[in-house]
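Scrolling down, you'll hit the structures one after another.
Same chain, two partners: chain A is paired with chain B first, then with chain C.
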Partner chain A sequence: MGDERTIKIKLTFGGGVEVLFSNKRNQTIALPAQTPASGTQPSRPADLRYLILWMSKNLLTDRKELFLDGETVRPGILVLVNDTDWELEGELDYELQKGDEVVFISTLHGG
Partner chain B sequence: MAPPRACALCQTARPIVRRPKTGQQVCKDCFFHVFETEVHNTITSASLFKRGDRVAIGASGGKDSTVLAHVMKVLNDRYDYGLELYLLSIDEGITGYRDDSLESVKRNQQEYGLPLKILSYDELYGWTMDAIVEQVGRKNNCTFCGVFRRQALDRGAAALNVDHIVTGHNADDIAETVLMNIMRGDIARLGRCTLICTQGEDSIKRSKPFKYAYEKEIVMYAYFKKLDYFSTECIYSPDAYRGHARVFLKDLEAARPSAIIDIIHSGEAFQVADQVALKAQQTCKRCGYMSSNDLCKACTLLESLEKGMGQLATGDRNRRRLDGEPAPENMRTIPMFQRSTPAEPIADP
Partner chain C sequence: MSCDAPPSKEDLMPRKSRYDRGQTCIKCKSRRGNLVIKHAVYCSSCLPAMLVRKFRRALSSSLDPAAPSRGTPSRILPPDVVLGLSGGPSSSVLLDLVWKCFSVEGSGRKDERRQVGKVRAVHVDWSSLGGRCLVEPLKELCERYGIELEVVKGEDAFDPAWRTAVGLDNSITEIRVDMSSGRLPFLSSQAGPSDPLTNLRAHLRSLPTPTSVPATMHTLTRLLLLHTTTKVRCSVLVIGTSLPRLSIHLLETVAYGGGFALGTEREEIVSVGNADIKLVRPLRDWSLKELGWWLYSRQLSVPRGLDGKPTQELAPAGGKTIGKLTEDFVLGLERDYPSTVSTISKTAAKVVPSEAAAYRCVYCLRPAQRDASRWKAGTAILSLSTPIASSLSAPLPPPKTAPLLTEDNLAERLCYSCHTHFTARGGTGAGKIRVLEESGGFPETTMPLPVWVQRKLGEEQMKERIGEFLLEDE
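Let's turn to the complex of A and B:
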């Protein structure tokens, strides 16, 4: 217990999703490198599933439903990891590395 | 579960996107190429343009029209379509929304070197959306905006003396419209909404070169090309019904990405023969725009605003009360722009 190690992750928001994150297009966060162990769930290296949960607890102000859908992002929000479509990186199961850049872009706004 | 790490098209570079339409993993260069080529194929297989056509790109500053302006310019140069391209923007008069998005249109204009025409609701109708919402409230203002925008685009196109307006409607938009028309039982519109090209006022054509382009790919294209676009939701009530259709469609797409194209195909297959007697088209007695009644929709809505009864204009029952009121003195005539033939060149602004 008490693993305080964190990894730096750069977050970028676009397409309107930034309004849910204090209107900042870029943020650098220190994410716990391991997920906290809980009951039946042992600790595991931080992945995108954990990042999304962490963001919803620590960064999202209100209107969570405009970002979250269960444990993932709402359909219509594109996610890129280091400029690659997360669908090619294992989506929620992608294990984050120090210095990773994660981009969230909404496709739902305007035309 | 590691995916193969080579592009499905060139077999060499690292893939950066999975195409929703095909499931293929493609690298950045192949993605740009295949996206642009598919739009080119859409344009050529529907014979949308002919050499020398003057084409206005309806530009809102949002993602779709920003990518459309970019791709139209690229394809016109690459395949030598011989088109004269213009940007046409409508300023609805929504403070804090449209004024900002027009700034991004102006930046695009600089970048692509295309002449830009901005036409405002205020100039055409004597009303801004801000003023309309003040009178009618937030509930039905989209009806006004939709009717006024459609006519404004046609009138702006006539003022630019163009043959053709292209808009950024994408595959997702069209699939949404198919769903909405099915849910409303609007058979006439169901047949029309999947058409890639329709003829409007003054025989100006309107078409949708992105008819088969997925929203995901348009947004990815804008991201990787670093195109500058504006993405704030309209500050007045969004079209709630469309919003639900949109969320439903995105859920379907998440389960099966081909759903969007499948729904468009369904819409096309549903096309009904024109056995429904269409109302004879005439021209509006006040402004001369094409209309199926004595007054066109814009003049009818405008008259309701001038009577201070705009909130009554959108329901059938209320219309009786509205029609009982005489038209105010000096009712505004919405200006018509006549296209001159042959086409005269327009000076760059």
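Let's turn to the complex of A and C:
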């Protein structure tokens, strides 16, 4: 029986970005289903904004600047949600569902 | 609405969509789209064919501009090509596309119209300056595609043995220039170590600004690839420059004063030794999303990790180079205004120099305008010969530019851009480059030059060189 307080998300890394995540191309994580309330911000269902924050705290060990740009990912990293460009899904505001697959592909790191 | 309360959905302006015509694929007009490319939406079924067509068209227009876009195939013999691989994402995409389009196994068709003959790959290995060596993973990758990989080391640019191997004149001795003068006079003394790696480090270390280091490494890589292409008797060098990378290079070229040769960034024919090599970039119209989609959909691995760029080891301790600032700018554009990145490239393609090239730069082999260094000498004071403190009592002499000497010097044979890299004094916020700090016995003002740079021969030297073939006066 699954824990209702978390949702399982499959993460896939490619294009060289996997080196920042212990060189593992695929990982399955249990993400809190609700974001923690902070200050004036009430708790809300986990979205991609929260996933990126969670990844930066729990999966990224160092060189965060190669993956993060503020609350989003660095330009040049393609994000797909269930094989679809996150721009078609609402980008950071996309509310994650149980079993979603989120792909991060790095596309530019050299000349 | 209170200032403290979080905004509700009604309080916020509706966010403008990044795509124009709904979520349906603009090709098949039936399936839901999977990828937004420059405001247009494509589904995963239509994307592969569209991308293959785009690659073939770009390659075809470069290799055989006279060939019709469809219908009767061209009658010219497909040329053998060399793929220049850096080990980054676009290298993996280039290798895969060439295999998919031009091999029987990849295309699944025996009658495939071939645009290329034999395919080889070349990689320039900069690991001797630090950073990860990508030779083994690249070899494995190429083996999977049945393509032979040749490896050239960065320091080969300073190796006399490599000069002989690629068929350059091996009677020429090592050349060095004096960096303390803006005219870069050749030094006659041959003192000092001649180990290729020491020479490479000394070359990079004597560059005046950290910005010049990655730009020079880029030029060295290009020349190493071109010379290796002649060595393996191919006439076409194909590299995987994507649209944002091309736009970055174009803006960098403008920033370094290389506007005269701007068109060559997109496509060029370079005379190397006795051969003309065509350098083509069939991914020049591919956005990062298209690259990323191909990598993902074909499950391709990228030998070089996100942190493995060779120039990263040579990044200055503080501040950013012009190249890095340009990269950040173009990547921001790619995310927020993707069509603008394409506009940069297409605008540059229309720029035509106002006059014919006077000569080719001996360093980068690109066309140069007449009197590139003379113009600089007449408009800029590159050095102040009299210390200001000692001249306080005496009236300050009028500023002088360096006299236009007729001595053999490197400056008058360089293009404006290379001359700028060797003599620039500007740049702030960029600190020392740690891995180049060891001098290796070289004085800082002495710069060894790559083996393809040759001195102009004087009359006496010329006679000496061809003496045995001359008829004696009666």
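We take it that the second predicted complex is superposed on the first by the 104 of 111 C-alpha atoms of A that agree within 3 Å, B and C clash if a C-alpha of one lies under 4 Å from a C-alpha of the other, contacts with A are read in each partner's own complex, and residues count from 1 in each chain.
Here is the rule we use: a contact is a pair of C-beta atoms (placed from the backbone, for glycine too) under 8 Å apart; a residue touches a chain by one contact, two chains touch by 3 or more.
All values derive from a computational prediction rather than experimental measurement.
J.: Chain A superposed: clash or fit between chain B and chain C?
T.: Chain B and chain C clash in the superposed model.
J.: So which one touches more of the residues on chain A, chain B or chain C?
T.: With both complexes superposed on chain A, more residues of chain A are touched by C.
J.: Where does A:28 make contact in the superposed view: on chain B (first), on chain C (second), on both, or on neither?
T.: Once the two structures are laid over each other on A, A:28 reaches no partner at all.
J.: So in the superposed three-chain picture, is A:84 touching just chain B, just chain C, both, or none of them (first/second/both/neither)?
T.: A:84 contacts both chain B and chain C.
J.: Looking at A:66, would you say it contacts chain B, chain C, both, or neither? Reply first, second, both or neither.
T.: second
J.: Quick check on the superposed pair: does A:41 touch chain B, chain C, both, or neither? Answer first, second, both or neither.
T.: A:41 sits against chain C, while chain B stays out of touch.
J.: By the touch definition at the top of the document, which applies to A:97: first (chain B), second (chain C), both, or neither?
T.: In the superposition, A:97 contacts neither chain B nor chain C.
J.: When the two structures are overlaid on chain A, which partner does A:20 contact: first (chain B), second (chain C), both, or neither?
T.: The answer is second: A:20 touches chain C but not chain B.
J.: Which segment, 98-106, 386-394, 404-412 or 458-466, is the chain C region that clashes with chain B in the superposed model?
T.: Stretch clashing with the third chain: 98-106.
J.: Could you list which residues of chain A make contact with chain B in one structure and with chain C in the other?
T.: In the superposed arrangement, which is not itself an observed complex, chain A uses residues 14-16, 19, 74-76, 78, 80, 83-85, 87-88, 103, 105-111 for both chain B and chain C.
J.: Can you name the residues of chain A that touch chain B in the complex?
T.: 14-16, 19, 74-76, 78, 80, 83-85, 87-88, 90, 93, 103, 105-111
J.: How about chain B: which of its residues touch chain A in the complex?
T.: Listed in rising order, the residues are 1-3, 14-18, 25, 60-65, 101, 168-170, 172-173, 215-216, 218-220, 223-224, 230-234, 246-247, 250-251, 253-254.
J.: Taking the complex as given, what residues does chain C use to touch chain A?
T.: 4-6, 18-19, 23, 32-36, 41, 44, 86-89, 218, 241-242, 244-245, 248-249, 288-289, 291-293, 295-296, 299-302, 304-311, 331-332, 334-335
J.: Can you check the complex and tell me which residues of chain A touch chain C?
T.: 14-20, 40-42, 63, 66-67, 74-78, 80, 83-85, 87-88, 103, 105-111
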